[in-house]
Amino acid sequence: MTRLLDHPILGKLPERKAISFQFDGKNYEAYENETIAAALLANGVRTLRLHEESGKPRGIYCNIGHCMECRVTVNGQPNVRACLTIVQQGMVVESGKQLPNAIKRMEEG
Amino acid sequence: MSDVIVIGAGPAGLAGAIACAEFGLKVTVLDEFFRPGGRLLGQLYEEPSGNWWNGIKEAERLQQKTKDLAIDVRCGVSVFNLEKDELLWNVHTNAGSMKASYVLVATGSAEYPIPVPGWTLPGVMSIGAAQVMTNVHRVQVGKKGIIIGANILAFAILTELQLAGIQVDRIVLPEKSPISQEAGEPEEVLKSLLSAAHLAPSLLLRFGSVFMKNGLLRKIALNFYPKGGMKISGTPLQLRKAAMEIVGKKQVEGVRVVDITPNGATVPGSDKIYEADFVCIAGGLYPLTEITAVAGCPFQFVPELGGHIPVHSEWMETPLQGLFVAGNITGIEGGKIAMAQGTVAGLAIVKRSGKEAGSIDRLLQKSVDYVRDVRQHAPIQFNPGVDEGRQTMKELWVSKYGKEGKVIS
Amino acid sequence: MTRSADVVIIGGGAIGTAVTYYLAKRNLKVIMVEKGDIAQGTSSKCDGNVLIHDKLPGYDASLAKLSQDMFPGLTKEIDYDMHWTRKGSLLLIESQQEMEVAKEFCRKQQEQGLPVRIMDQYEVHEDEPKLAKDIIGGLETQCDGSLDPMALAYGLTHGAQKLGAEILTYTSVTGIGLNSDGSVGKVITDKGEILTKNVVNAAGIWAPEIGAMVNLKIPIKPRQGQILVAERTFPVARRKVVEFGYLMAKFEGDNYQRSVPPEMVEYGIAFVFEPTHANNFLIGSSRRFVGMDITCHNGVLKALAQRAVRFFPVMKDINVIRSYAGLRPYTPDHMPIVSDSEVPGFYVAAGHEGDGIGLSLITGKLMTQIICGEQTEITIDPLRLSRFADENVSA
Amino acid sequence: MNDKDLLVCRCEEISDEEIREAIRQGARTITGIKRRTRAGMGLCQGRTCQRLVARILAEETGMKPEDIDPGTDRPPVKPVSFGVLGGVAND
């Protein structure tokens, strides 16, 4: 998806410094003051995590920090909301993974 | 230590902080978002008067005022608990705890979702999410999108998406169900759109919104309502179509849509899949009241204001000593009203703090009247019964706590 | 609408549903009356421990073991998934002084044939690798287990209904009618009367209120506990893990003080970790007398979180998503009441403090044996209500 | 729970059918439904699904919206780490 550099009413976006960050091992380009969710979307990435139980892909839903769907791991810190967190230079972001369910396997076993 | 902590840096929170600081109170404002402004940040619509309501400019104006008044606005801070000890309110956040004699909770609203099979696919988002991504982050949410749910918020944001050059293929209704309720009934939708006539100029003017007030004429109009819908600045509003399923393997690829009768019943075998790479769900707004709930504030069910909301007076005061509310948390209305309510709450705090004995009562009453005045001239009415709802809450307060508002704990 | 039943059970928590289920198994006509929803009281505000590790050797441990051994078969018997797992439990030992007491405690339990053993520093860290490095050992109880406490109550209700029991939820008991000879004649509810000769008061922290209806003094006081709920995350520990220090403070009384910050003592904080089938975990526990208050106090939540990070530092970055508070039915001598009473036909099954889930099944069985006039599986003398009659016990 | 089901609770993936089944088993409040199905027990604590569950409950039981008591909000209203809550985050 492209970035809206110009806007008929909101006008031109001010010059912003480009920065780079990592998502699931790949390098991406973002701009200063952009959230992780916005930067990834601008790079065509919608899936931010897999549901911990079912493994189904999930992306942003509310984009203002209410629904917790956009949680990713940032520099080792899990469950950070991508829609509220600003990208920093060299940030290492990982998508949320499906979890093994030890207790359930115990019950089935 | 601050005299006042404001939770929520939206129009209501900022206005409240400014009103307190103008009378010399030390104020801290907290907000989860990385920029102050709340829902203002996404708002951009043309008012009947023809000029543009630019929420981002409005937010910048308020933010500048907070700087001028040395108000400590802290973004990226999540409040997770609010508790009172003997004298002070304790606000617990992910950045530590703080105390203050007065707390103004202005946490605004959240969006009602309308579940559709497949709505957990990446690319499906609330319509507010698309608004923020477009106007605040200036990133396109997709190449071609479909909006599910036809209401005032959907139209306002539709215009914003179109302005940003994003193609919105069509607006359809959700499938009628106990969850979607009126949103899935074409006649109900048409009736609710009447209060947004000026917002969707091209379509409804041709129908003549006054002419449509009569139920029977609405039914007839719906019978002849073209399947392809009526265009709103290019995007067809399809009142006779409903979204049955959002399809896609890893993310949104399209929406399966069916024809529906005027009262929302699906026409079997009429489904088609329309291609899309994003879907916006427009379910409307409801007050976000969780922080006042954990603080122990009494609630009252007022459907016209959005359901269970904290009990409050016209001075925006709750029955708990030192706890105030303002903005969408008290009932869903536009940004201007939220700001006006914020000012009332701020002045009420100044009065309670005994700071400015002289003129405060007059200023407070003027600010209360101003809220009513703004409400009368509001271009958008989210809920036709809002006046009635405000009256219900006022009468409840007076009956329980008296005109001046005796505070219980 | 007047009904009749062989036995009416008041209270739809873990205890009430267990008594109802075991009575229904004797195809007696039973009616359970619950003023709210099933498990609306303490049984939905606790964790699902089914333990013997915290029971004094002797009667306590035997009663708990009897109850514990009834759980494995229950799931099949009532065909309802209660997420029962039996992976044992681990008591964490922090100091040499605790290790000495733990060894003695373990020896006595082993003498009673209970599957317990002491783990040294190497074994305990191999068993739970994410444990804080300075933990010096553990006391393992191989037979301990846990389950979803709410699912227990729903499952027992499901099982009882299949056996013909009638369940009246959202029905409040307003009085108990006695016959001229003083024996139980009927139960009066806000939805009509139920003629019966037998009533079981399984109302938990509300048991004193029901007892007062037949002017019986039941010395149960609510003792509040708060619990933190963590988010779904990687496995932190595979089973129930509890600190031994708290038990020592409980049993040793004043001659043992854990070296902990003052609020741990003030709020009665004891580290309790329980993994759940939903792939998250619960952190307890706290003990305070605050009447019927079930709001969460931030000071207690903070102390619980601090204690949890002390034992599992990896929790520092895991999120708490919820907290809740429940009221344990506390009796002066820490023992439940499973007994008849001076009022013929009026029985009491309540007062289990923190062990209501674990002792629910044996309570159901014992109460059935008492009502049916049979020899009880284990003596119930320590559980008699009359034990409180002589001392002037203030409820 | 197959793909065609209508998910009402996104966090815990609970369908509207599972919610109706809980009501059939006797749940009369949002909390009762939560305890039987886990709807509302996820990270958003019901911010997304709670009002949808209320509408299903009203339709299944005929209860009026004002008679349906909403779920109980408890701290933390937004997730917070054990470290921050316990005041041990920074050391």
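In this document, chain identifiers A, B, C and D correspond to the written order of the chains, with residue numbering beginning at 1 in each.
Note that in this section a contact is a pair of C-beta atoms (placed from the backbone, for glycine too) under 8 Å apart; a residue touches a chain by one contact, two chains touch by 3 or more.
Please read all numbers here as calculations on a predicted model, not as lab measurements.
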*Set of chains adjacent to subunit B and to subunit D*: A, C
*Provide the C-alpha centroid distance between subunit A and subunit D, rounded to the nearest whole angstrom.*
25
*Would you mind pulling out the distance in Å between where the CA atoms of subunit B average out and where those of subunit C do?*
45
*asked:* Quick check: what residues of subunit B touch more than one other chain, meaning two or more?
replied: 32, 78, 81, 83, 92, 110, 113, 120, 288
_Quick check: what residues of subunit A touch more than one other chain, meaning two or more?_
51, 53, 56, 61-62, 65-66, 79
*For subunit C, jot down the residues that touch at least 2 other chains.*
231, 298, 301, 317-319
*Which of line, ring, star, complete and other names the graph you get from chains that touch?*
complete
_If we count contacts the way the header does, which residues on subunit B are in touch with subunit A in the complex?_
32-34, 44, 52, 54, 56, 76, 78, 110-111, 113, 120-126, 128-130, 132-135, 137-143, 163-165, 250-251, 288
_Sites on subunit C touched by subunit D in the complex_ = 37-40, 44, 150, 154, 158, 167, 169-170, 228-231, 278, 283, 296, 298, 301-309, 315-324
*Contact footprint of subunit C on subunit D as seen in their complex*: 12, 25-29, 31-32, 35-36, 38, 41-43, 45, 74-76, 79-83, 85-89
*Under the touch definition given earlier, write down the residues of subunit A that touch subunit C in their complex.*
52-53, 76-79, 99-104, 106-107
*Quick one: which bits of subunit B touch subunit C in the complex? Just the residue numbers, please.*
81, 83, 90, 92, 97, 296
